[in-house]
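In the two assemblies presented below, chain A is common to both, partnered first by chain B and then by chain C.
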Partner chain A sequence: MLGSRKLFRLQHKYAPYLFVAPFAVVFLVFGLYPLAKSLVLSFYTTSGPRSRVFVGLGNFAFLFSDPDFLKAVWNTTVFALFSVFLQLPLSLGLALLLNRRRLWGRNFFRLVFFSPRLVGMVFVAVLFVVIFQPQFGLLNRVLHAIAGLDLDTKWLGNRTLVMPALVLTSLWMYVGFNMIYFLAALQGVDKELYDAAEVDGANAFQKFRHVTLPGIKPVAVFVIVLSTIGSFQLFELPFLMLGNSGGPENAGLTIVMYLYQNGFETGDLGYASAIGWTLALGVLVISLIQMRITGAWKRGD
Partner chain B sequence: MGRTALRIVLYLALAGAAAVMLTPLVWLFAAAIKHPDVLFTYLFFPPPSKLSAENFRELFTTIPFLRFLMNSFFITGVTVMVQLFFSSLGGFALAKYEFRAKRPIMVLMLATMMIPGQVMLAPLYELIYKAGLMDSHLGLIVPGCVSVFGMFLFRQSMLQIPDDLLHAGRVDGCSEFGLYWHVALPVSRPMVGAFCLISFMGTWNSFLWPQIVLHTRERFTLPIALNQMVGLYSQQYGVLMAGTLLSILPVVILFFILQKEFISGLTAGAVKG
Partner chain C sequence: MEREACPSDAGERTREAMAGLRARVRDFSDFFPFGLAPLLILLVALVATAWLLFHPVSSKKADLRFWTFADVHARAYQNAAPAFEKKHGVDVDVQLVHGVAVTSRLRAAFWADLDVPDLVEVEISSAGTFFRGPVEDFGFTDWTPWLKQTGLYDRIVKTRFAPYTSHGRIFGLPHDVHPVMLAYRRDLFEKLGIDPAKLTTWDAFIREGRRVTVPQKRYMIQLSDTSGWSMEPFLFQRDGGYFDADGTLTMDSPTALATLKWYVPLVAGPQRIGNDIGGRDIFTRAVEKGYFLSFICPDWRSKVAETHVASMHGKMALMPLPAFEPGGRRTSTWGGTMLGITRKCANRELAYGLARHLYLNPEDLAERFRDLNILPPLKDAWKLPAFNEPRAYWSAQRIGKLYAELADDVPPQYTSPFILLAKNKMSEVVSACAIYYNAHGDDGFDAYARARLKDAADYVRTQMRRNPF
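Let's turn to the complex of A and B:
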C-alpha cells in the first residue's frame, strides 16, 4: 500500500508539468521557434524555401527607402488614425446614448449594434465588395436616391475613394463592438458621483469631463491600444476588396498585405520577416506612447 | 416637455443607428433569396412570387460548396476541441499549482501576446513546408491548436476555485486529472461556453494562414472559397450573397446558443481581473 501512496504524491508533484505539456510542446514548436527564427530570417534574402543569402541589416535599410513599403505604412497609419479618432468616439457616443437611465430596449439595441461583429472579416469584405459596386451596389443606390449622387461611383476603383471605403466598412464592423466595452465601463461608474456633481451644480458637459471620463479611463486606454494594434494588422478587408494588388496606385496597400506579397507571392521570406518585425516594433512603440500619454502607468497597473 | 422631446431625439438617434447597422445584413439576405432575374429590379425584397432558392441551387450544383462547408466544419471542430482541452488543462495547472516552470511559461506567453502573429508567418511556412503539411488540413489544425489567450482565460476563471474543494477531492482519493475533469472543468462551464464561441469564430473566419497553406480547391475552407468567388460573381452577386449568408449562419446560431454563457463568462472574468 505504501507504493500506491507514494505514487499518489508523485502524481501530485508532476501533474502540473503533464497538464501544461500539450500546450507547451505545440507553443514551443509553432509559436516560440518561428518567432525566434523570423528574427534570424530577417537578416537574409531568400528565394523560396531553399536558397538564402545573408544581408545583415540590409533588409531593414532597404525598407526605409522602399516606396511601396512607405506607402503601405502611410495607408495603414491613416486607417489607424480614423479608427482611434473617428470610430472610437462614435462607439463612446452610442454607449452614452444606451447608458441613459430607464431606457427601453437597451438589450435589443446592444445586440443590433454588436451584430456586425458576428460576421467574420472575410465575409464582411465579400459583402462590402458588392455594396460598393457601381450601378447596383447598395451604397450608390442609396446615395443616388437620397442625394442624387452618381450611380457610377467606383468606390474600390478610385484612388481617393479607396480609403474612405475601407474606413466605412470597418466602422460598420467595429463601432458596435467597441461600444460594448464603453457601455460596460459606463455602467461601472459610481452613480453617487453623478448625484454629487449635480448637487455641486455641474452641467452635463462638466459631469462628462470630470466624472464620466475619469471613470472609464482604464477601459478607454485598453480599447484605444487594442484598436490601434488591430488597425495596424489590417489585411483581409483590402486584400479581398481590392484584390492582392493593393488597389489603384496602391491606395489600399497595407503593411501586412505588403508582407504577404513579398513573402508568399515574390517568395522572399527574409524580407517578409523584416517587415513583420518592423511592424511589431512599431506597434510596440506606439502602444507604449499611447499608455504614457494617457497616463495609464501612473495608476500602478 | 423638454424632457419628452429629448427622449424622442434619443430614440430617433438609436433607431437610425440600428437601421444603418442592420441594412447591409437585410440587403444580403434579400439578395440571397431573390430570383437572379429580378436581382436588380428590387433594391430589397421582391414580391413573394419572385422569391427563389435558385441562388442556393446554383451554389450547391456548380460549386463544391458542400465540400467547403464540410472542410470548414471539420477544421473548426477539431481545432476548437483541441484548443479547449489544452487551454483548460494548462490553465488549471497555471491557476492551482505551484511549480518551477510556471513563471517562465507565463512570461513567455505574455511576451508573444504582444507580438503581432504575422511576424512568424514566414518561418511557420518553412516549418509546415518541411513537415510536408502544405496544402493539407493538418497544416491548419496543428499550428492552430493552442491558444495563449485561452490559457489566460481559463487560468483567470480557475483561480476562483477554492483550494479546500480540491483538497477534499484529494482526501477522497481523486487523482489530479480527476480533479481537473470532475471539479475544475464543470465549475468553469460559463468560461467553456465563452471560449468555444471565441475560438470557433477565430478559426471559422481565419483567412491569411489558410490562404497560404491551401492550394487545391477541394481542400478550401469557406473564407478561401468565397475569396475566389468574388472575382467570378461580383456582378451577378446573388450566388455570392447566398454563399456569404450560409458562411455566417453557423456563427450566428452558435452565438444565440451560447449567448448566456458568453456574457456571464466575460463578466465573470471582468469582475476578477
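Let's turn to the complex of A and C:
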C-alpha cells in the first residue's frame, strides 16, 4: 500500500495531466488529427476518404491556375478590405459617438446597434434576402420612391451588386458588434491625458490622433486582425443568401464556399484540403503583416 | 423539562462545528491538494461516466430507416408505412432530412460508414455526384437485376432511369416522370386576346409574348437571366443536355449553343419577354398580380401553384409546351428524385419490399397523385381514375391525363459526377451572355456566346481530367 507522502507526490506530479487530459484528448482527436490528416490528404486526389491517388503538389499547382479559386480569393479579399476599411471605421465612429457622456439615450443606442449580433447569422441572411428582393423588396421600394431606381433591380442576381449586398448585410451585423470593443477601449483611455492635451491647446482632431488612437491601439489591432481572419473565413452569409453556387457568375463565391463545394459536393477532399491549407497560410501571412504594420510587437504595446 | 438553548451556546456550537469542518478540509487537502473545484469536476466526471456505463444509449433501431428530403413525400410515406409494418411485422422509420442536409449528411455517412440509412431519396441534381470513384465504392446498390427479374424495368418510363445510371448500372429507382407543361393565367390570356391553342410553336409564343410584355410590369413568362435552371427544360426539349449516355460532356454541343442563343434574347435586351424575381412568396405575388402570365410547370410545380397561389383557383390552366418546330416535342422535364438502397442495408429483400410498397403500388400511387400531382413512372397506374379527374384549380382540366399523355415523350437527362459543376458553369454562361446581350444586342453575340460556352465546358473537362477514378 502506498504511503500518504508517496501518494501525495504522485498526485502532485500527475494530477495536472489528468485534468488537462480531457481537453488534450478532444484536441488531439478533433483538432490536431484532422489537421494532420488534411495536410496528408492535400497531396492526393480523393473520392471520399477511401479512394485516393497521390498527386504530390498537383492540387496546389492547379489551385493557382484555377479560375474559380482565383475568383473566390478576389471576392474574399474585396470583402475583407471592406471589413477593415469601411466596417471598422464605422464601428469606431459609432463608439466615439456613443462614448459621449451627454448623449441622450446612450445606453439604448448601444443596445440597438449591438442587437443585430444577438439574432444570429441565419436570421440576418433570411431578413436581407427579403429586403433585397426585386419588385416587392423594401430596399428597391425605398430606392424607387426616392431615386427612381428600377424596381426589378436584382441585388442578389446581378454580378456587380452581389458584393455590395453582402457588405451591406455584414455592416448591419458587425458594425455594432465591433463598436463594443472600441467602446471598451475608449473607456480605458486615461482622462487626464485629454485634460493635458486640452491644456496644451490641442483641438479635437489632435486629441483623437495623439491621445485616443494610441490609447485604443492594442484593441484596434486585435479587432483588425480578428475582422480580417473572420472575413477570410466568410461562408454562412453568402451560402444562405446566394445558395451554394456562389451567385451569378460566382460573384459571391468565397474561399470557404469553394472549399465546401469541392469537399462536400464534388467529394474531392484532397483538393478541398489544399484549399484549406492555402487559406490558413494566407491568413497567417496577412495577420503577421498586419501586426507588423500596426506595430503590435513593439515593446510597451 | 429541557432547558432552552441559549443563543451564546448555539454560537459556540456553530463555531466549533466550523472549526471541525475546516480541520477536516485541511486533512483532506493533504490527500487532495488541488482545491475543492477540481475535486467537484472530478466527481461530476466520475458520476457522469458511471451513469453512461450503466445507462448506455439504446442500440435498438428500426428494421428499415428511410430518409427523404421532401416533407410531402415524408407525410405520404409515414401514412403508407404502417400497412407495410403490419404485413411484415417490422418497424420502418421514415425520417425527413432537409434538402441541403440530406446530400452532405448522406455523403458523410457513406464516408464514415456510420449512421447510413437503408433507403434514401436523392434529388436528381445531386444524384450524379454520388457516382464518383470506383463503382465498387458507390454507396448504393444496383437495382438492375431486381428490376429485370421482376419485369418492372419494362413497366417504368425508360428515360427516367438515365439520371440514376452509371457504368451501365441503375443505382436509383425513379420516383417520378416530371413532364413539363406551361401553366398560364387563363383569365389574363383571355383578356389580352392570347389563344393558347395557337401557341403550338415557340415562334408563335414569342410573337405573342412581345405583344403583351410590358417591362417591369408584365412578362409573358417566368424565366431567369442569371441561372441556367430555367434554360434546362428547353435544352432537354431539343434533345440536348449536359452529358450524353456515356458520360461525355455535351454542354457546348451545337444544340446547347443554339438553345443558349435562342434563350438569352428572351430574358435580355429590349425585346425580352421573360424575367424572374425570386421564389416562394415573391412568386406567389408575381402570379397573383399578373407580373408573370405563364411559367414552366412540371407536374410537381402544379401542386406548388395550387398551394402557394391558391387565390388563382379556377383562373389557371395548363398547355403542352410550344414546340421548336411544327409537330415537334411538346414537353420536357424538370426535377426528379431517386430512391436508393444503400450498401449498408442489412435486409435488402425487405428494402425491395418497401420500395415496391411505396413506389410501385398503383392504388397508393393514384391516391398520392391526388395529394401531390406527381405522375409516377409506373405506367400501369396512369389508367386509374385518379389520373383522369378534372381539377377545379386548373379550370377543370384533367391534369393527370394531360401529363400522362406527354410522359412517354419526356427526354432523358444523363448524369455524371460533375453534373453540379456543369450546371453551375451553365448558369455562369447564361448570366454573362444576358449581360452582354443587354449591352450589345446581337452585335458580336454569336462569338461571345460560343466563347463563353466553350470556356465553361473546357473548365469542366479540365476538372474531369483531374479525376483519376
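Simple rule for what comes next: the second predicted complex is superposed on the first by the 284 of 301 C-alpha atoms of A that agree within 3 Å, B and C clash if a C-alpha of one lies under 4 Å from a C-alpha of the other, contacts with A are read in each partner's own complex, and residues count from 1 in each chain.
The definition used in the following text is that a residue touches a chain if its C-beta (ideal position, glycine included) is under 8 Å from a C-beta of that chain, and two chains touch if they have at least 3 such contacts.
Source: prediction; values computed, not measured.
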item	value
Combined model on chain A: chain C and chain B, fit or clash	clash
Which superposed partner A:101 touches (first chain B, second chain C, both, neither)	neither
Chain B versus chain C as contact partner of A:240, first or second or both or neither	first
Contacts of A:136 with chain B and chain C, given as first, second, both or neither	both
Chain B versus chain C as contact partner of A:9, first or second or both or neither	neither
First, second, both or neither for A:19, with chain B first and chain C second	both
First, second, both or neither for A:151, with chain B first and chain C second	second
Which partner reaches more residues of chain A (counting touched residues only), chain B or chain C	B
Which of chain B and chain C A:266 touches, first, second, both or neither	second
Common ground on chain A, meaning residues reached by chain C in one complex and by chain B in the other	8, 11-12, 15, 19, 22, 49, 133, 136, 264
Contacting residues of chain C [partner chain A, same complex]	30-34, 38, 41, 45, 100, 103-104, 107-108, 110-112, 126, 129, 132-134, 137, 216, 224-227, 275-278, 282, 285-286, 291, 417-418, 420-421, 424, 427-428, 431-432, 435, 459, 463, 466-469
Touching residues on chain B, where the partner in the complex is chain A	10-11, 13-14, 17-18, 20-25, 27-28, 31, 39-40, 43, 85-87, 89-90, 92-94, 97, 99, 101-102, 105, 108-109, 112, 114-116, 118-127, 129-130, 142-143, 145-146, 148, 151, 170, 175-177, 180, 201, 204-205, 207-208, 212, 223, 226-227, 229-231, 234-235, 237, 240-241, 244, 247-248, 251-252, 255, 270
Contact footprint of chain B on chain A as seen in their complex	8, 11-12, 15-17, 19-20, 22-24, 26-27, 29-35, 37-38, 41, 49, 94, 97-98, 100, 103-105, 109, 112-113, 115-116, 118-123, 126-131, 133, 136, 138, 141, 172, 176, 184, 229, 232-233, 235-236, 239-240, 243, 256, 259-260, 263-264, 269-270, 272-273, 276-277, 279-280, 283-284
Touching residues (chain side chain A, partner chain C) in the complex	4, 7-8, 11-12, 15, 19, 22, 45, 47-51, 53, 58, 62, 67-68, 133-136, 150-152, 154, 157-159, 244-246, 248-250, 264-268
